[in-house]
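When the chains are written out, they are named A, B, C, D, E and F in that same order, and each has its own residue count from 1.
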Amino acid sequence: MTDADERLNLADPQQRPRFTGLATFFRAPVAESAEGLDIALVGVPYDGGVTNRPGTRHGPREVRNQSSLMRRINQATGAAPFASARVADIGDAWVAKPFELSGAHAEIEAFFAQVKAAGARALACGGDHSISLPILRALAGDAPLGMIHIDAHADTGDNYGGSRFHHGAPFKIAVDEGLLDPKRVAQIGIRGSMFDPDMWKFSHDSGMKVIYVEELEARGWRACMADALAFVGDGPIYVSFDIDALDPAFAPGTGTPEAGGLTMREAMGMVRMLKGRDIRGADMVEVSPPFDTGGLTAMNGATIMFELLCVMAGGP
Amino acid sequence: MTDADERLNLADPQQRPRFTGLATFFRAPVAESAEGLDIALVGVPYDGGVTNRPGTRHGPREVRNQSSLMRRINQATGAAPFASARVADIGDAWVAKPFELSGAHAEIEAFFAQVKAAGARALACGGDHSISLPILRALAGDAPLGMIHIDAHADTGDNYGGSRFHHGAPFKIAVDEGLLDPKRVAQIGIRGSMFDPDMWKFSHDSGMKVIYVEELEARGWRACMADALAFVGDGPIYVSFDIDALDPAFAPGTGTPEAGGLTMREAMGMVRMLKGRDIRGADMVEVSPPFDTGGLTAMNGATIMFELLCVMAGGP
Amino acid sequence: MTDADERLNLADPQQRPRFTGLATFFRAPVAESAEGLDIALVGVPYDGGVTNRPGTRHGPREVRNQSSLMRRINQATGAAPFASARVADIGDAWVAKPFELSGAHAEIEAFFAQVKAAGARALACGGDHSISLPILRALAGDAPLGMIHIDAHADTGDNYGGSRFHHGAPFKIAVDEGLLDPKRVAQIGIRGSMFDPDMWKFSHDSGMKVIYVEELEARGWRACMADALAFVGDGPIYVSFDIDALDPAFAPGTGTPEAGGLTMREAMGMVRMLKGRDIRGADMVEVSPPFDTGGLTAMNGATIMFELLCVMAGGP
Amino acid sequence: MTDADERLNLADPQQRPRFTGLATFFRAPVAESAEGLDIALVGVPYDGGVTNRPGTRHGPREVRNQSSLMRRINQATGAAPFASARVADIGDAWVAKPFELSGAHAEIEAFFAQVKAAGARALACGGDHSISLPILRALAGDAPLGMIHIDAHADTGDNYGGSRFHHGAPFKIAVDEGLLDPKRVAQIGIRGSMFDPDMWKFSHDSGMKVIYVEELEARGWRACMADALAFVGDGPIYVSFDIDALDPAFAPGTGTPEAGGLTMREAMGMVRMLKGRDIRGADMVEVSPPFDTGGLTAMNGATIMFELLCVMAGGP
Amino acid sequence: MTDADERLNLADPQQRPRFTGLATFFRAPVAESAEGLDIALVGVPYDGGVTNRPGTRHGPREVRNQSSLMRRINQATGAAPFASARVADIGDAWVAKPFELSGAHAEIEAFFAQVKAAGARALACGGDHSISLPILRALAGDAPLGMIHIDAHADTGDNYGGSRFHHGAPFKIAVDEGLLDPKRVAQIGIRGSMFDPDMWKFSHDSGMKVIYVEELEARGWRACMADALAFVGDGPIYVSFDIDALDPAFAPGTGTPEAGGLTMREAMGMVRMLKGRDIRGADMVEVSPPFDTGGLTAMNGATIMFELLCVMAGGP
Amino acid sequence: MTDADERLNLADPQQRPRFTGLATFFRAPVAESAEGLDIALVGVPYDGGVTNRPGTRHGPREVRNQSSLMRRINQATGAAPFASARVADIGDAWVAKPFELSGAHAEIEAFFAQVKAAGARALACGGDHSISLPILRALAGDAPLGMIHIDAHADTGDNYGGSRFHHGAPFKIAVDEGLLDPKRVAQIGIRGSMFDPDMWKFSHDSGMKVIYVEELEARGWRACMADALAFVGDGPIYVSFDIDALDPAFAPGTGTPEAGGLTMREAMGMVRMLKGRDIRGADMVEVSPPFDTGGLTAMNGATIMFELLCVMAGGP
């Protein structure tokens, strides 16, 4: 390997300080497409679906920046994702026509369809939570997927602001379109005040398992996650982690913060329990750098992405 | 209802984004007085009683601002305070002559006396903790009240800086004046270093129940709060929540932070246990926006106020 | 006047501290509509037209907050706008269906049409610069208006991101629709790098007067503004002030900052030269609180709005 | 000189990095009193006189912290104040009974009376501007002093909030008490909106020279300061520099910011013109760290103090 | 005691507000050397050993600043360290020649050797973690010490960046040099991703007890700390607390943050369990103010130092 | 050009929003080496030469991030650098052994020697100012270069902290080594307090032209820069721009801020006057993101780099 090549590959941090070089996710190599990859790291800098505070369009860049703090091996689990799998940062699923929500979603879907066509699995970094819908449209194949969904909000809402496609509704639509099997969807960390007495009625009616944060506080995260995994079963799943699942002390930089959320010890523990599952794709969404303080949210978002990568990459 | 009227009432957030409109507490309607209300939301922008870092005079405005993140219904308890009670923001109990502490307190007392005379109960937003004294003077009727007091400090100190009336002493004076029955006062979350070996001697001598944060760490918040409620009994109570009860990671923006405090999951759980109690008034105090980072403290303060509102409003 | 009434009117700050009360623009009284007003202060919390950094949807609330630092009389000019004119804050021209740009503009236009129908002139606070277009649609009557436009960008661009209506294009469309007479439009403070060699070709081709910041640096603001006023003439004009006209040291909190801009002494001096002109409406736009540092941009934005109010209100 | 002594004296920064050691003003030596000094550096951590945003009680500590950036010699003027004069940091004129304004002022006056009795001149760091009054009471001897007063506000107001002694009034009282000769007082940089048409009527009526910032913008700081110095004449003077004289881009951390102020180049140039004057004492006030961004205001305040020290210390 | 003396001693905060005076650790008296002291508080403003984000050279000053929030007595334990022991702030072990790492360490070692020679024990405030090595060199006497080490990283790494002496390696070298007995070293809170599969191989191979944060989450801090203390035994120990042991929500201002760390309740509880141990010296390191938000990390660092002081000082 | 290729080249921002994609300087293409380039953009993330506040090691990454705000064409001058020259971001001249200053410099020199060998000119982004020395060593050929040096400090100091090679001395050494011809070196913007009466004696003694900021304030930047250019003459030059030349209001994020500096209008104007000169290399140094507020310093640094690129690239 030549010197020049080395500069484009994952730096060996024993020699190369972490503050150097272009910021890619985890300082992984850049690839022009998902061809030849097992896992494609993708930014989705789109926040056209937000209903309150914007800014997640700046998420992928800042999560990349903070992800330089990650190293190559997971000390807690022994996972070595860059050794177990071919992983690269394939850039952003950016949107050419951002002023119209459903068209923007079509652009995002097309990008992820290419990833799937290349035989790779995607680990996406939002952007707002509306992006999970076009990703699921691209990834869900012949049969609906199950889902582990860690979030403060069930995101199974109805029309808002004249649109069905905002960041509070992706999973209702995904069920409606047959992309998700609600009987294999578990939602964990749900909390916060509501506009309607039954804002997440669709979750309950469709048969999803909803685990509120109060249950998690009472029973502990291990028991709750074990229940969720049992509910979802061993089939193929999608994993969606909304950073607002964390308490705002851990994730102030997000559009819809809700007091009383998860700690990072809980969140990391829960993601690690996904090891061995058949994960077809995953996202970590809703990091909004303009509302962040000192990069804490982006750093925690990068950490969650690293834990997701570890359970997706196979190996130890 | 005309369009114009609608703009002055509580917005229906399914149609109206939360970042719009004038910032009132929870986007509740504005009222010119407490007449006809069940619960009056009141700001008390006064920090003349602080002994260290000032800034809580800016608290009410910023708590109003962050309280737009709240919605109408409490998902965890089902409480719908705006449906169960007539609630409005009646503005600020501002102080015309701030340069003299006891005169300022008299002004505040007069404001809350009007609220009581109107038949409404007050939920106040400080301001420093010295404001609890004039509020209690206005609210306490013929018999002393009990109190649930969640705080890092017992606030039963003596003279400081030549004054009896600062923010570290309101509850000693309130007992002295017969406004509080110390045998029905429970203080929870107490911690921090002390000037004197027995800085809160008055709490112990007068018979208050003092629950230190170390006990809460060891036994859990449910058991501690249950003990506090049993101690206080079923009679009429006042509730005072000092935001510095929270750990500084959750509430950096306060004048006297003490490491090792409550999480928001603990604090919200404890406030919810007040449901069904005879709450005659309540306050949430000591949010100091100039020391806040990213509005986190004000948001958590608004959340605590919302939980207080829910247990004061009756209904489900 | 009763005590209660007094609380809803403009506070007499000799008695009432500026940090108290609900935040309206300049602590002006709230009105339900523009009926009976000479000048209506309006927030337009909409940023659906931005092409890079969002956040101006939060502008009106934070400009209102910082505008409490303003007092009633302009020391430099003697203007007393609240005495010379009936002025009130009529709330926000909020958008019910934000996910589609041209529909959003129609909602904004309808709001300002009501202001005009009531016989009042509007002083608007954005929101992104795309809002000037619907305001002009509402305000421009039978004949096109002239315009004094202070900005870093000429905002006469073409399609971007698949839309004609973004915040870099309002004034091209306004000319196309006959709302502005380009021969009476002067643009001041223009600077920054460009995508195309002639990004603002439309300004030049249509006959607008474009004064770059380099000319202002060389000749001084008085001479430049005098030229602009001579060009625009004495007829009816609209005034649009984009806060990014200021140097980023004075206005960091904006979506498209450009180094090398105006100081506040220059900007305030230029706005004061508008005295005596026939101003039919005005806006101050592009304050983005999530990117602001310490409220500086919002405070400067509020100051510019106050200076605009002073020249709109007549009197001394 | 022993090693131990060296550690307590002004570090030789060629050997000792500026981020080390206890933060005294300019890393000057600490002295227990003003005995034997020519110039005593004094903090006055008191903000009980503010009418809007508090926090200047934290000013002296943060100005000390930032003043470590200063070195020993003034490059522009050649002044070497630590060589020309015996200078030390004598700590804070702190207030034991802060809850009552006039008593607090008496405590401050007593401290400065000791400085004067020791034969030293004081260079004070506020605190709010109300502290100039007790300092003048202590320093003004048999005859009233002249004053160069650089500020956004004339601070010759009347009663406010029930008190005569707040930070908007010290110089009216100082004239009333015969401490200042208004015919030898020049105020420079005045601007901002007003509550009353003639808020600073006392300045004009008593014969002070008031130079508004608009005049400074038009004529330049050299001409304005030359006029001010000619007006004040060669007799003994006090110098008071309110950091809000600076534009908020240069001094965001202050209680009453006013857009359109001085740059640091202007302010430093003006202070340097004081060389050779008979300065009996000076203050730099109104730095409010809780509202500062990145320490900029405290650093500029420390720089102004250093320039004041240079013109007070004599020598080249 | 004269008034002047009183100003140099520990202020009686019942009379003296905490924001006044020069910032020493806990507002303890200043001493020129460790002579006559039991415990010497020392800053070590050196960050030449960092491998990623710098800034801890500014740690001692900001920890001193925030430590004014501490008072004299530990409410939870009754410890009164300033009564039980002679304690003073002896300033900084600053480095005259910072550009070469091992020379810098020699300077630091010389400073602490003087402290030991004076018969005092040192409580140091870093600086980066590389400083523990020269401190141990100075303190370790004839026999190697045990150590309680609370940290996210075991800091027993090998060469990095061409140096053995960086902040990720001090304890390997200390064992190699016979300063520490690895069989009496317990490391608690270890976590984070790794460069190598066995980055802390030396800890395991040499026989240290390594308690990962996952074990702490599962078994609780009391049990883990009890194990650590049993492992270390009753002999003389050193205590090293790296602030990055805390979760980044509690300590954002550090050079190598790792998600999923300790809360302050856990950390304080663990330090308190050290009571009665034979502590020969201690440090609290890696507070980096330029990366801090609102002083939270420095405040928590000061709190940990206070808890360390309490267990070092003897008494109740 | 395929879609995949397009993603790696300079985005057409008419289609691609500026917040998307990996952050390279100006979103220029990435190149593995300088081969085939006219101008190589290089980051030098090294701050081992600082004497006070560190952090510039993080400069290149954040300047790259903010440089996305730049577009392709200079509106003021018409320069189109990406059309006139082959320009790419070739990554960082990172340092493998950072703990020893002169070795680190050798590594940096080797990197720039490769750039020169490839026939490209380098535009570097620091890092601290010590990096100019190894760059000059690499670039200066047979004859010494002239230099335009815009800075608050002359950086011609002597030993400090036991080293000759720190960031206050590069240009003395460069003259000593024959890399610079002091008779063709002009230094502009010099100011700030001094340790020694003649800290920059070497500049004067060696015959450099030193233009203090006071002269610039008095005579204007055009005249000063014209003098500097006349002094330097038409021969080959190096250009070094230290961001602390700017006033701290424009560049708070730097290690050695000095009040009273340049505005961005002045700085940009001065750089533009370099058009047509024979610039052999250039740097923009001393941006320290940990001390920055809101990215302002990095944005201004990126803007200065863009102006340097425009005068280096030839064309219109």
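As a working rule, a contact is a pair of C-beta atoms (placed from the backbone, for glycine too) under 8 Å apart; a residue touches a chain by one contact, two chains touch by 3 or more.
Because the structure is predicted, anything quoted here is derived from the model rather than measured.
The set of chains touching chain A and also touching chain D is given as B, C, E, F. Here the chain-to-chain distance from chain B to chain E, counted in touching steps, is 1. Distance from chain B peaks, on a Cα-centroid basis, for F. Annotation: the A-E interface is duplicated by B-E among the options B-E, B-D or A-C, judged by over half of the residue-numbered contact pairs being identical.
With respect to chain D, maximal separation of chain centres occurs for A (centres as means of Cα atoms).
Look at where the CA atoms of chain C average out and do the same for chain D: the two points lie 37 Å apart. The centroid of the Cα atoms in chain D and the matching centroid in chain E are 39 Å apart. Residue positions of chain F with contacts to 2 or more other chains are 15, 17, 19, 53, 57-58, 96, 98, 161, 247, 249, 291, 293. By the contact rule set out at the top, the touching chain pairs are A-B, A-C, A-E, A-F, B-C, B-D, B-E, C-D, C-F, D-E, D-F, E-F. Those residues of chain C that touch chain D in the shared complex are 12-15, 17-19, 69-76, 78, 80, 247, 249-250, 263-265, 268-269, 293-294, 296, 299-300, 303, 306. Chain C meets chain A in the complex at residues 47-49, 53-55, 57-58, 96-101, 103, 161-163, 165-166, 288, 290-291. Note for the complex: chain A touches chain F at residues 4-5, 7-8, 15-17, 19-24, 30, 32-33, 43, 45, 57-58, 60-61, 64-65, 89, 91-92, 94-96, 98. Chain F meets chain D in the complex at residues 51-53, 160-161, 190-197, 199, 212-214, 217, 247-249, 252-253, 256-257, 259-261, 291-293.
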